[in-house]
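Pasting in a structure now, in structure tokens, and then I'll have a few things to ask.
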Amino acid sequence: MLNIEKALVICAHPDDEVLGLGGTIKKMTNAGVEVNVLMFANGNEGYTDLKDKEHIVEIRRKEREAVKDILGIHTYEAYDYGDYAIPANETTYKMCLQAIRKYKPDIVFTHYWREYNTHKAVASIVSDAFWQAGWNASLDLGEPWKAKSLYYFEVIELLAHVSHIVDIEATFEAKMEAMRAYASQCTVVSGALQQIEGKALMRGAQAGVKYGEAFLKSIDKPEVVR
Amino acid sequence: MLNIEKALVICAHPDDEVLGLGGTIKKMTNAGVEVNVLMFANGNEGYTDLKDKEHIVEIRRKEREAVKDILGIHTYEAYDYGDYAIPANETTYKMCLQAIRKYKPDIVFTHYWREYNTHKAVASIVSDAFWQAGWNASLDLGEPWKAKSLYYFEVIELLAHVSHIVDIEATFEAKMEAMRAYASQCTVVSGALQQIEGKALMRGAQAGVKYGEAFLKSIDKPEVVR
Amino acid sequence: MLNIEKALVICAHPDDEVLGLGGTIKKMTNAGVEVNVLMFANGNEGYTDLKDKEHIVEIRRKEREAVKDILGIHTYEAYDYGDYAIPANETTYKMCLQAIRKYKPDIVFTHYWREYNTHKAVASIVSDAFWQAGWNASLDLGEPWKAKSLYYFEVIELLAHVSHIVDIEATFEAKMEAMRAYASQCTVVSGALQQIEGKALMRGAQAGVKYGEAFLKSIDKPEVVR
Amino acid sequence: MLNIEKALVICAHPDDEVLGLGGTIKKMTNAGVEVNVLMFANGNEGYTDLKDKEHIVEIRRKEREAVKDILGIHTYEAYDYGDYAIPANETTYKMCLQAIRKYKPDIVFTHYWREYNTHKAVASIVSDAFWQAGWNASLDLGEPWKAKSLYYFEVIELLAHVSHIVDIEATFEAKMEAMRAYASQCTVVSGALQQIEGKALMRGAQAGVKYGEAFLKSIDKPEVVR
Amino acid sequence: MLNIEKALVICAHPDDEVLGLGGTIKKMTNAGVEVNVLMFANGNEGYTDLKDKEHIVEIRRKEREAVKDILGIHTYEAYDYGDYAIPANETTYKMCLQAIRKYKPDIVFTHYWREYNTHKAVASIVSDAFWQAGWNASLDLGEPWKAKSLYYFEVIELLAHVSHIVDIEATFEAKMEAMRAYASQCTVVSGALQQIEGKALMRGAQAGVKYGEAFLKSIDKPEVVR
Amino acid sequence: MLNIEKALVICAHPDDEVLGLGGTIKKMTNAGVEVNVLMFANGNEGYTDLKDKEHIVEIRRKEREAVKDILGIHTYEAYDYGDYAIPANETTYKMCLQAIRKYKPDIVFTHYWREYNTHKAVASIVSDAFWQAGWNASLDLGEPWKAKSLYYFEVIELLAHVSHIVDIEATFEAKMEAMRAYASQCTVVSGALQQIEGKALMRGAQAGVKYGEAFLKSIDKPEVVR
């Protein structure tokens, strides 16, 4: 699964990439994989004190920069949608098509459809764009690119089915550090760090390793076996 | 289920609250529960004669006022969306978050996801808002509030699963009266009153009472047992 | 199923009507059925060479005209939405309601819900409009009309359940000719003609005929048996 | 749906045929349709007083005879399985195949899969036998017979989807009389008669008639349209 | 949920009751609730060395006795089915009906349907028996008893939906001790203790407590609200 | 997917292995993979003339021998269950466990759950045995063996999701020859050869090759990524 050159992560909010696959990102970048991240929301709702309302977007931008260094992410492509305002429409769909054609990833990671509204919207457009990016059409969005596989990660809801568990023992501490770097969000979601640890332990236990991250490989589009 | 102080009903159109849970609303208000209702649509499509097109919104506003008295509803928060025009977007999502934080209900009632377009949109945003209203975020929408439970009612489609049937024998007549007060809609949906009676009898029969209203308690978010 | 006077096909893109039910359309028009087609998208993304970008909409308009003659379609009602830009909203919903009330079809054909984004949007609004067109409401959109049945056809995904297979042996060549008339799309989807032949053979084999087209009759709304 | 010559009902227990489709059976027999009923269980568990244990099977046999006359059923093929002991195995499967080949029905009625254990077993074997009875195999079970359609009726659970509602106003009283003839069961299921009335009213209201019975037409096997 | 007098746990194998709800059992017995456990299998397959084959059933019987003391279980009703040989048939169904009528529990706990074969069989018969035990029938199996609620616990698969998380911080150590008492199984399932800890931490984190156990309340049968 | 040393196919009836994956078997054996096949039924129902009833089992045994040579199958492990009589019980479950431990396959192929009765039974026991064969238990059934992957093939129903399409252009003729060797079945299922061709063309077209066979990789059990 991870024996690749390039990966593209498309998520909704700043911190979803850490919660969902922070350990796997670090594992990949440690191994020399180029990991690019596209995120739609600017984090504007994630403040716990009214006086932070004006600054929260800037705060989260800085946090994201720190996370970039911690996880070794190559590029963050970050957009300015509000946290509750990511639509599944022509504009966002084309952003996904364009990103896949630009970064030419071997594999794509995104949200699972059974999450809440904006995560669901991202899951839906990425699932379709993953496939349509390979069509011989819409050439102004870049040359057609067929990524090999699409994986769903888990943030809010546990995956109903898990096809892969990645051993993240060696990078678990980096995941925790990245989450701590998203300091503003550790107060929004109470017990965020404990949740990360509990989930990593449980997914690890299912795989017979210390810490794990769970993924579901999409089975919507067939792979051709020659 | 109904041993509470405050309930919030969020529905799409003027009359959904009566069709779905008119008897239960009256049962609650009789028992001293404060029931607030938020509805999105203004009823602009519900006319059966072209000459009523200009007046239908005003007609339904007046009907709603009558229903308020009949059922003992505390507040109607009524918006001006067209009947076919309730979007699931940032604006409507924030309206739900804000209403939950403002009314601080013990329980929330809304549409079931397996209904048609606008009902589906309301079901979706309320299900997410019920949960996110309790997050320590978006403080300009009010103080975080965790309602205890979320219940889905049935209007167009029967619920596929029913977790609760409320005995509405004592308030069935008030439900019928409220529906008759929505006089304009009794001509739109032919046999509306017969449908109410048939459904109430069948749900009652399932519960061993004369008249019933059916609900499905959401199982999406865990309740903590200490 | 086809012993009728009028049929209405509502699809997303120019060529979906051929891929999904070209053989059945021709079979109906050969038998004197009036077949009207409403399509939302203008085909703006379906070019395989950047220099065609400016002309593709016009190219596809002309292709559609040729298909009209080949299949004997009575009217094409074609809108100007971008290929990735068909929303499920009040406007498109009313377009469907209005078309059903205007053409007064015995049966309606549309996309299946398990396709990709824009197809899914069309599937959703048509399924609801099929039913709400018969309501005694929204009279400025035309007189209420209750079509008898709604059928889903298959374009991208195979139908998970198939309720009817239409024998298209006599009109299979017309289907192929219509697809060849959509010449621009035969380069977008590589092997489009082979796909049509393979699917027609397989669906035919399931029914014991040479070539077939598969449909799923909607079971969402009950038919009354007197 | 009912414009036929012969129908076959396959159910689990004595009274399922009345609860599920008593009104429709009478409507068919009134119209000259030959209706045959195959039931697996002998009713051995349906006693409410220990002293009836020895006699209950005989009691229910006599009740069934009375129901036969009331509804105008042509043949009851009744087996001797215990009420909780109907297996889905080779023997019961062959009984279904054989019955379909023997009675040569135009349509078959059976339980819906979403009921409880024995009903689920019957739903499963009949659904498969409906289709395999038409295979050119197992000739010692009779000549291959392809029935036109398979319909599921509702007894314990409401159907999640309803494709047909039969108007049973003219035969509703016969249905009630048949249920009263199953006197032993009216004490087992408290409020059985009220349940029948409530459900008939609600299904009728959904169809715009006084009393109705709901069915789901199976969409598992395609119908060929020539 | 746990403010009750009596609970009945029905599971497949010796250790399922510990893996699924050991902490909750101990929490109940600490609070004075009478907890009875019915298990079908004798544990005959759970040996990791051929020389233990003859003794494994006896070994597990003794382990179960130790667990009884550790968790404060009132009665173990243990049957002699092979580990891969628990059928869903009349006999096991009646065993469940009889147990529910005999122990008269307020709530029943059992496996979730989405587990593997024998767990699935138990889930199925208990779900039906929970409801049919309240029928006025089969009086030789005891007086009709309507338990209030039915809860599913998780052993092999995570629950797809979780309605309740029980805080088991105070009894987590007893759960671990009980699992260690099932010493023979700690070698069959490698990392069994780690799995218990990981899952308890993750379920705890979801609920904001240290250790948790997850349950899904059945929504198949309505509760009557008077 | 096919870059392996050993494969095990577990199916219900003689001919399911050809219909489902005849081309893929031949492709594997051509490449030196050892392919073993376990089938449960003896074919006793597959006669189209009563005078063949006595001989059909022997006829199909001989046909199977011919198919073995045509496809290059290493071993047929064929049991004597009747065609409608394959139970999902302890005996058949242990047969699957034992076969997996004996043949030590890299990958296992079996029926998809959404087929009819006996196919469903095989799908269910193989799915569980695939996973439990790797447990450190039931040592008299052989040493624990963890196969890498489990794939479902399609016989009666099309797969609802397809994860892999195998290019069988080079072995399609062998598949047809193998089916013709099952001469007795070509009269049972009318148009069997046409069905094979139609399906192979359609699956091929989906993959951009001439002939294909479709598979769904099981996602029930996670693969560990180290």
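Observations
Every chain is named by a letter (A, B, C, D, E and F) in the order it is written, and numbering of its residues begins at 1.
Here is the rule we use: contacts are C-beta pairs under 8 Å (C-beta built on N, C-alpha and C of every residue); 3 or more make two chains touch, one makes a residue touch a chain.
The shown structure was predicted, so the numbers you read here are calculated from the model rather than taken from an experiment.
Here the C-alpha atoms of subunit C line up with those of subunit F after a rotation of 180°, rounded in steps of 5.
Taking shared numbers over all numbers used, the subunit B to subunit C interface scores under half, which places it in the different class.
Chain centres were defined as the mean of their Cα atoms; on that basis the chain farthest from subunit B turns out to be F.
The centroid of the Cα atoms in subunit A and the matching centroid in subunit D are 53 Å apart. Taking each chain's centre as the average of its CA atoms, subunit E and subunit F sit 36 Å apart.
Our note on geometry: subunit B versus subunit E, Cα centroid distance of 38 Å, whole angstroms.
Residues of subunit B in contact with at least two other chains: 190, 206, 208.
Of all possible chain pairs, those that touch are A-B, A-C, A-E, A-F, B-C, B-D, B-E, C-D, C-F, D-E, D-F, E-F.
Within the complex formed with subunit C, the residues of subunit D that make contact are 1-2, 161-167, 206-209, 214, 216-217, 219-220, 222-226.
If you check the complex, the residues on subunit F that touch subunit D are 45-50, 53, 82, 84-85, 87, 116-117, 187-190. Chain contact summary for the complex, subunit D toward subunit B: residues 158, 160, 190-191, 194-195, 197-199, 201-206, 208. Taken together, the subunit D residues at the contact with subunit F in this complex read 88-90, 93-94, 124-125, 128, 131-132, 135-140.
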